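In what follows, structures are represented as structure tokens.
Look at the two complexes coming up: chain A is in both, with chain B in one and chain C in the other.
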Partner chain A sequence: MADKIRSVLRLLRLYARMDLNWVLQDFKAALIVICAEIINNLTAVSGILLLAVRFGGAGGLTADEILLMLGFFELADGLCYMLFGGFNVLHISRRIGRGQLDHMLIQPRPLPVQLLTEGFMPVSGSGGFLIGILLTAAAWIRLQLAVTPLRLFLLLLYILCHILLTLGQSFLFGSAAFRNPAAGEELSTLILDLNGRLGRFPLFGLPRWLLGLLCTVLPVGLLAYLPSLALLGRLSGLVLALPVCVATAFALAAAGCFRAGIRHYLQYSCNRYKGMGHRS
Partner chain B sequence: MEAFRAWRATARMCLKEKSYFGLANIIAQYLLRAAGLGALLMIWRSLFLQGADMQGLTLNQVYVYTILSTVLAPMLDVRTPVSGWLHDGSVLKLYLRPRSLFSQLAAHTVGGWVLPLAVLSVPVTVIALLCGVDLRPASPWFFPSLVLTVSLGFAVDYLFACLLIRLHNLEWVVHDMRQSLTALFTGSVIPFAALPWGLGRFLALTPLGSLAGGPLSIYAGLADPMTVLAAQLFWNAVLWPLALRRFASMRERMVSYGG
Partner chain C sequence: MKTNHDCIVTLAHVTKYFDQSRPVSLWKREHTRIYALKDVSFTLHRGEFAAYAGPNGAGKSTTFKLLAGLLRAQQGQVELFGADPCVKRIEVMRRTGVLFGNRSELWWDHPVRASFEWKKAVWEIPDDVYLAQVRKLKELLDLEPLWNTFSRELSLGQRMRADLALTLLHAPELVLLDEPTLGLDVLAKRRMIDFLKRANQELGVTLMVTSHDMDDLAEMANRLLLINRGHLAFDGNYEALMHMTGDHRLVRLMTSAEPPVPEGLSLVERSGSRCTYRYDGSKIHTPQLFTLLAGIPGIRDIQLEPENIETVIADLYRKWSSEGEAAE
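And now, the complex of A and B:
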């Protein structure tokens, strides 16, 4: 076990160095990529934040509470992107649909270890994460929230849930690409786009059935809205455990579907694969 | 007539190409957009329910604005396939055909509008009407404004293609950046009239602000049509020559992957 952990850490270090090398080799391109990512993240939060500022809040939250929600989303999503954004690990349906899984299967490393490490981009992919830290800290100070062990524990727990939910959904829906490579190639992108678009919205005022749907089957409400309510101390009891339960369920379902997909892939491979590693 | 037939055939080809990724992909794409629209409508509703001072905006106006921004999305933010084709090398095939580059790109773009208009726009319009939203335009000046928006959209798209060539095919970077900038600065998501600190008045006069925000504001009765049309005419007159000149000079720098 210790050997495995050491191996994972060594690979993470290796990918971090490769990411840094890319920045150093083509500094101009890297700067453009990093700036673009920062602009993307800032504009993504600006819309709803500007509305909240203009109208003194939105969706049952004040402007500062909205800032906390958006900060949490950027923080958790940025961390997820930084850890798994490289080489389309997060957009796994692209790798599967293009037949590029073959590249991974011939590596002398177990597939889970590769998936766990090769998306790591601590330099070029950290823009969203850093903005998330800044926004969360700013909101935390403006709201004068006390830093208690429980609050910090909830923050870390919900960040982990956000990552599990994002990966779980991407791998769960992306596994369809094992059977329908062309049709399924962009399924992970679609689900991630949906999360990005709806995950930043406060869901107050929705009918109960819709709120239930958005916190379970299509859990965009668990990505930032419900965690930020918990951090603000507006939730108590069993509902606090909802993100953990749903994230675990998605992770387990994704693991099962991905394993079944791999079995199918090992038998039939992908008919879109070309020698050049590109899709047909 | 012959030229128009060829143009229409290209547009039809592009429509068929849109279904290449299969039914699952198409349904998921449009469900995603419908979900985004639903969420935004809910936000507006909750703002009105919580009694926020909407400073003259009515709920029907913001509903109309938001629904129209989804219904007319392909025309309000024109995306020709040139960026993707620059990246994968397909753009070369356009130079081998006996048609001008711009007319081919326009045909492909217009062909690509048919599916979203049929699959998303028509159902959304019908549902909105059934729900009692008054979708009549506040001014007939909306129609010339929409034409100017489409024209300006093509010019802006060619300028983004030039940027892509200049940045040596960082396609996803340019794509993501454009996606974010257009969402906020074109007024396609939030009406300029709803932005704080008078930001909307400034953005409405910019080239990006003359895209979606212009015709939508006229349609919903949120802006003076003459001011919007003047800004659109001005930016068309400025950006078209610029786009054509930049594209001609950037052609020498084109480098593509694939082929």
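And now, the complex of A and C:
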């Protein structure tokens, strides 16, 4: 086990170094990419934030609470992107649908280790994460939230849940590309876009059945809304464990579907190959 | 993992099929079973250089994917170094190099050097092996000028050279190359062939190569495996292939007048006073041929040459195709 962890850490260091080299080798291009990502993230949060400021809150939350929710979303999503955003690990259906899994299967490393490490880009992919830290810190200060061990634990736990939910959904739906590579190539992208669009909205006031749906089957409510309510101390009891349960369920379902997909891949392979996005 | 014997690759009675289903109406689907390989068996020993050829759709890529552990056979046994490549993927891949001609293993936005450093880390290649291999491969493939060039800036020939070197970096005992000369110009192809021969002879690498260019394969490999419609149709050397297909030879004549077609020879091409005839060398020996040609008046020049391997194989493919159609 210790050997495996050491091996994963060595690979993470390798990909971090490669990412840093990429930035240093073509600094101007890298700077443009990072700035574009920061602008993109700021744009994504600014719409709802401006509405909340203009109307003194939105969806049952004050403007500062909205800021916390948006900050949490950027923080968790930025971390997820930083860890898995490189080379279409997060957009796994692209790799599957383009027949690029062959490149992974000829490496003498277990697939989970490859998936855990190849997408790591701590320098070029850190824009969203940095914005998330700034927004969360700003909201935290404005709301004068006390830094308690429980609150910090919940913050870390819900970030982990956010990452598991994002990866879980991407891998779960993206696994359809094993059976239909051409049609399924962009499934992960669609799911991630959907999360990005709906995950930043406060859901207060929605009918209970819809809220239930958005916190379980299509868990956009668990990406930022429910965690921010928990951080604000507005939730208690079993509902605090809902993100953990749903994230675990999605992660297990995704692992099962992906494993089944790999078995299918070994029977049928992929009838197409596109080099686009592979190691570039 | 078993490592005894000199046998590196074993395919024993391997059958691979793909079940396909297509809609024929709104409610009904038609199911068909396509056989890619049917009861294919062969072994490859250490140090061999085998060419694997066949017409399009014959089952070449399927065989390569089975060998690389990218596909699993429904029947039969696939073994590399005595292990199933799907089950012992990691161990097998440490000893095997795989390169598909239209796919690159290089990191596009990094210098060539970075791809080698990446592979060193992922394959856990010891420092001394890495340095020795890099030195050897740089020299053999003339990589020094490309070493700090971004992969995206390489020409196709340069990319193939770098990719091939990367495939050989971990000093694999077996290298599987699918169409390594695809799209290369004459010079780049020449260098590639020379390198593969040297890798086989000097580094002792066991190679299995597919290509549609039979002349290239004939020059590189000492063993030819021909596959047709999923069956292994031929396994042997080029002499044996010539024996099977007939020792076809060509004779080119330049005459002052339009020559007749001598008995036993067939006309391949006629262009003014130049004629090319085909004959079976096993039936008509050279003295006999000259006796036949002596009857042609006004011969200014004679050239004898063996039939191009491409033509021999093309004839063979044509024959298989017509036999297949007749069987259907």
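Quick note on the criterion: the second predicted complex is superposed on the first by the 273 of 280 C-alpha atoms of A that agree within 3 Å, B and C clash if a C-alpha of one lies under 4 Å from a C-alpha of the other, contacts with A are read in each partner's own complex, and residues count from 1 in each chain.
The criterion applied here is as follows: a contact is a pair of C-beta atoms (placed from the backbone, for glycine too) under 8 Å apart; a residue touches a chain by one contact, two chains touch by 3 or more.
None of these values were measured; they are calculated from a predicted model.
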Clash-or-fit label for the pair chain B, chain C on chain A: fit
Chain B versus chain C as contact partner of A:40, first or second or both or neither: first
Arrangement angle, chain B at one end, chain C at the other, chain A at the vertex (C-alpha, nearest 10°): 90
Chain B versus chain C as contact partner of A:106, first or second or both or neither: second
Which of chain B and chain C A:55 touches, first, second, both or neither: first
Chain B versus chain C as contact partner of A:151, first or second or both or neither: neither
Chain B versus chain C as contact partner of A:179, first or second or both or neither: neither
Contacts of A:269 with chain B and chain C, given as first, second, both or neither: second
Comparing the two partners chain B and chain C, which touches a greater set of residues in chain A: B
Closest Cα approach, chain C to chain B, once both complexes are overlaid on chain A (Å): 9
Shared chain A surface residues [contacts with chain B and with chain C]: 278
Contacting residues of chain B [partner chain A, same complex]: 20-25, 28-29, 32, 35-36, 39-40, 42-43, 45-47, 49-50, 52-54, 167-168, 170, 173-174, 176-177, 179-181, 183-184, 189-190, 194-196, 199, 258
Residues of chain C that touch chain A when the two form their complex: 18, 65, 68-72, 86, 89-91, 93-94, 96, 98, 100, 102-111, 114, 118, 121-124, 152
Partner chain B, residues of chain A touching it in the complex: 29, 32-33, 36-37, 39-40, 43-44, 46-48, 50-51, 53-60, 176, 180, 182-187, 190-191, 193-194, 197-198, 201-206, 278
Chain A - residues contacting chain C, complex: 10-11, 14, 18, 21-22, 25-26, 102-103, 105-110, 266-269, 273, 275, 278-280
